[in-house]
Amino acid sequence: MDKTMTMREAISSFVHDGDTVALEGFTHLIPTAAGHEIIRQGRRDLTVVRMTADIVVDQMLAAGCVSRLVSSFVGNSSAGSLGELRRRVEKADPEPLVFEEYSHYGMICRYLAGAQRLPFYPLRSYGGSDLPAVNEGLRKVTSPYPGPDDEPEQVYVVPPVNPDVTIIHAQRADRSGNTQIWGLTGVQAEAVYAADKAVVVVEEIVEDEVVRSDPNRTVIPAHAVDAVVACPRGAHPSFAQGYYDRDNAFYRAWSGISKDPDRLQAWLKEWVYDTADHAEYVSKLGEEFWDSLAVGEALSLPVNYGRRL
Amino acid sequence: MDKTMTMREAISSFVHDGDTVALEGFTHLIPTAAGHEIIRQGRRDLTVVRMTADIVVDQMLAAGCVSRLVSSFVGNSSAGSLGELRRRVEKADPEPLVFEEYSHYGMICRYLAGAQRLPFYPLRSYGGSDLPAVNEGLRKVTSPYPGPDDEPEQVYVVPPVNPDVTIIHAQRADRSGNTQIWGLTGVQAEAVYAADKAVVVVEEIVEDEVVRSDPNRTVIPAHAVDAVVACPRGAHPSFAQGYYDRDNAFYRAWSGISKDPDRLQAWLKEWVYDTADHAEYVSKLGEEFWDSLAVGEALSLPVNYGRRL
Amino acid sequence: MSTESTVTTETTHPTEMTSSERLSVVASRELAGRRTVFAGIGLPTLAASLAHLTVAPRLEIVYESGVCGAHPSHLPETIADAVLITGAEAVLSMPALFGYVLQGGHIDVGFLGAAQIDKWGNLNTSVIGDWDAPKVRLPGSGGAVEVMANSREVFVVMRRHDPRSFTEKLDFCTTPGPDRALEEGVRPLGTGVTRVITELGILAREGVGEELKLVAVHPGVTVDQVRENTGWDLAVADTVETVQPPSAEELRLLREDVDPDRVYLR
Amino acid sequence: MSTESTVTTETTHPTEMTSSERLSVVASRELAGRRTVFAGIGLPTLAASLAHLTVAPRLEIVYESGVCGAHPSHLPETIADAVLITGAEAVLSMPALFGYVLQGGHIDVGFLGAAQIDKWGNLNTSVIGDWDAPKVRLPGSGGAVEVMANSREVFVVMRRHDPRSFTEKLDFCTTPGPDRALEEGVRPLGTGVTRVITELGILAREGVGEELKLVAVHPGVTVDQVRENTGWDLAVADTVETVQPPSAEELRLLREDVDPDRVYLR
């Protein structure tokens, strides 16, 4: 079944006002272009779920799309601050932001519970932390087995997260949605399986034979995917292993841009609202720019899957 | 760090009388040669943990190595019965076998809990089953979150399994233990991480560059591995994707062999006790035999990991 | 009547038909419109493969071993057959297959077999006799407990239809349906067994709280015959249909395309 | 004294040394004999990379992003830098990295930083001020909560050593040490923070129930200076060592082999 569509179609079909939207990709393969299309389409009142809330989240906040954020790291990588996020949280400027704070593994376990349809997922974090005092999602369970020294043992648990839609970026997929990722694979499979609907944005759509030559490379099978969007360079300023490198300069620049609300809005106007789609954003950046992020070749050696003789 | 050793060294270093030994590989890559070496070395009183207790388990039972079995399927694949196992369970002949019965996902969750150092792992199985009545490992926990309709929700949980040693078979590893598997990967990574020590038996030991050309193919990183044993064709009668096919005829023959204790003991004498090691077993089967299990070539297409320019 | 029915009314030769062929064809029809099926090797694979060619063109078979979207060059002999892997769309680890795909709720229909079944669709695959000292030790659950708890519905194919297999009381309940689970406060996703296909006919059950009911018999089989061969007081539908015999086209596809080497059509 | 000590007693030029160089060298020595270290980019990577060349030749750096056994062609700028992936020994999913490697107990030393630390080694990386309406919203835990709970021990590197960062009472405890966890009946694996390396010296703590104690000062720093810059009544070891300055060889390796482009040695 052919699930390919344009980014515009995918966002308009699967992201609605008030939805819970998970955007995953840990530094690698961040679905920036999808975030920009959400901004263009003017979605409101979204709950955004993202482990590392970084530039794309700051941009969606600044565009007024987001009323609630669920995250375990709200910073601009190691390159500085998120200006809009800090204004929203520190001063409710221009409006408040509901923030659910977790740790990384807490978020991972929420996706694991969601993907496995479990009522909760246990983890060995949070004992003694102030986080449970500000996040009622963090609760404790007593193990039904004796602990060390036969004493009862308590662990924290987190609740499942089941986004209305999860959007991820990947290197390639076939038309039916079998998705292959290499390099950092993060928590993408779990985030997709946890969601009601899943949109996979890819650098390229490939023929079935490419995917089927290496089924172990398929991180997400077609049955879990609802839309496949071809969007080359859609992860910028993050990177796509083997396709283009990270735009470290833009990460560093973002602290300055986002610190000044006017500059931030001007950036959004120029690069999001005034570009029709990601293809225009890409061409606006120019060939010379993309050349600076180009990467060379380091091919994996093949393995033999074997064929019956 | 070079962790390569012979099978003899690995078994004598890491498998001791009374140990809990996990042998994993779901139909694919069953560590048969390791089981045979355990038999040769005359280990006693082992607890064997294996999801699909099949021919190699029946052989270890018949050799008197095993006093306790933890499993979710005790049958000879779809090819028939395990004679020794049935005698042990049905008639305590020649001695009783303690049997802990789980379902497949129950076993998987025990490995998941073991690998993650969790006191328990929840799953949506076992409600209404008679298994909890005969297996005190299966217990219930009440979720601290309200269920559907705001009623309290109960789920079963299983306890972690932490084998003294896990032994798996894989296609290839480097000398330090970075292990690559393709085709069915089963529960091997979890079984290794759950264990105190791990022995990886491989079809071939490869140069570092082979592994490093495709780090996503590494299912088990070196830090989790204690010994690497080169043992080509060590998974027979099961198969190694891309190396040799399954010996279906032997599976079918096993029901007959194992039904008769004398025939079974004669088989063990001829193929295990009277062979010095797996290399002798392999050569005793003969080249013509191995030709019948040979497979052709179906190579994966490469992916580009990229290189900074 | 659609144009396809012209084909299905062609003369068939039931006397030349094996029990496997009949059961595969009947099971395949029940898969109409389904998207994902969790199937073991043997009759379930035959039924699913045939359905893919007839009533359920978008059907994906998910194998317990972790294979999704297989395109085998030969008919697989086991759920882990190497020919299922080469050319497949995805191969998943067992935690992903059981956790995300099955328990995650992605399976429409799970196929199961059993040594014993009761009127609620509870299954025994563990022992005949007492669990502690069984007369016969059977293989046990495998993934059956999970298939039952998490598939939207379950089809059971039983070659043998006799009072020992269709029993009032299971020797041991390995794999409970949702009714037993709910009794102890555990809520499974699916509705449990909805179809039992046997050499005598079809029992059906629509959901929680209902028992299995005879809804169809094969040509030449009487309702009383089914009653006699069922170990409980069998409920019977107001109208018991006669199962339409396999059409020539269904048999042709099964014999020529699905299992030309007659690996399972014995 | 071993032969290596001949090298370490060569004249060094501390005035030419940056704070990053000093902290990296001091931290690297603390890794002697360790096998696995969970490190972020920056000082921890510099320290671990230097240790790999000196006191801990078998050291493996595990990155939060999932990379094990990296062999980068260039110094990585982030924990997810593409150069860490190409040529690595393994790249794991985050559930595997956090669940099997970290929570599974495979990490000897975890490196952490913080905005605030207290005498038990509890850390704040969430907010300055009230959590509900903070003066400064900081990035939060990332994986710090897990690194603390599951590493055998934790090293903290803090450039700034002043009473606001080394505080009697954290504004918010994001990442608790084991003492706080045990108070509410949760048992972490590790011993929490065992070393705090700052621009003034080294605080150390051996395990649960102990508070951080000043054990060493950099040359030219007095115990009183450290006391004044610590926001709690600082415990001081009976003998306070003077930190051996970075040797010429350590500096050479750091500058020529580990970070020749001075990405972090600013």
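Going in written order, the chains are labelled A, B, C and D, and every chain counts its residues from 1.
Throughout what follows, a residue touches a chain if its C-beta (ideal position, glycine included) is under 8 Å from a C-beta of that chain, and two chains touch if they have at least 3 such contacts.
In this text, all values refer to a predicted model and were calculated from it rather than measured experimentally.
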Item checked: Partner chains shared by subunit A and subunit C (touch criterion as defined above) -> B
Checklist line | Remotest chain, subunit A as reference, centres from CA atoms | finding: C
Check: Which integer distance in Å separates the CA centroid of subunit C from that of subunit D?
Finding: 58
Next item on the list: Would you kindly tell me how far, in whole Å, the mean C-alpha position of subunit C lies from that of subunit B?
Entry: 29
Note to self: Please tell me the distance, in whole Å, between the geometric centres of subunit A and subunit B computed from their C-alpha atoms.
What the structure shows: 36
Next item on the list: Any chance you could list the residues of subunit C touching two or more other chains?
Entry: 67, 82, 85-87, 91, 99, 103, 150, 189
Note to self: Multi-chain contacts only, two chains or more: what residues does subunit B have there?
What the structure shows: 112, 117-118, 123-124, 140, 147, 153, 155, 182-183, 185, 189-190, 213, 216, 241, 245, 295, 298, 305-308
Next item on the list: Check the chains against each other and report every pair that touches.
Entry: A-B, A-C, A-D, B-C, B-D
Next item on the list: Would you pull the subunit A residues touching subunit B in the complex into a rising list?
Entry: 117-124, 139-141, 143-145, 147, 153, 155, 157, 159, 171, 180, 182-183, 185, 210, 213-214, 216-217, 241-243, 245, 294-309
Checklist line | Residue numbers on subunit B that touch subunit D, as the complex places them | finding: 1, 112, 115-118, 174, 176, 178, 189-190, 193, 208, 211-213, 215-216, 218, 220-224, 305-308
Check: For the complex, which residues does subunit B have touching subunit C?
Finding: 26-28, 52, 71-75, 77-78, 85-86, 89-90, 101-106, 108, 112, 123-131, 134, 140, 147-148, 153-156, 182-187, 189-190, 239, 241, 245-246, 248, 295, 298
Margin query: Residue numbers of subunit C touching subunit A in their complex, please.
Written below: 35-36, 58, 60, 62, 67-69, 71, 73-74, 82-83, 85-92, 96, 99-101, 103-106, 150, 189
Item checked: Contact set on subunit C toward subunit B in their complex -> 40-42, 64-67, 77-82, 85-87, 91, 93-95, 98-99, 102-103, 122, 126, 131-146, 149-150, 172-189
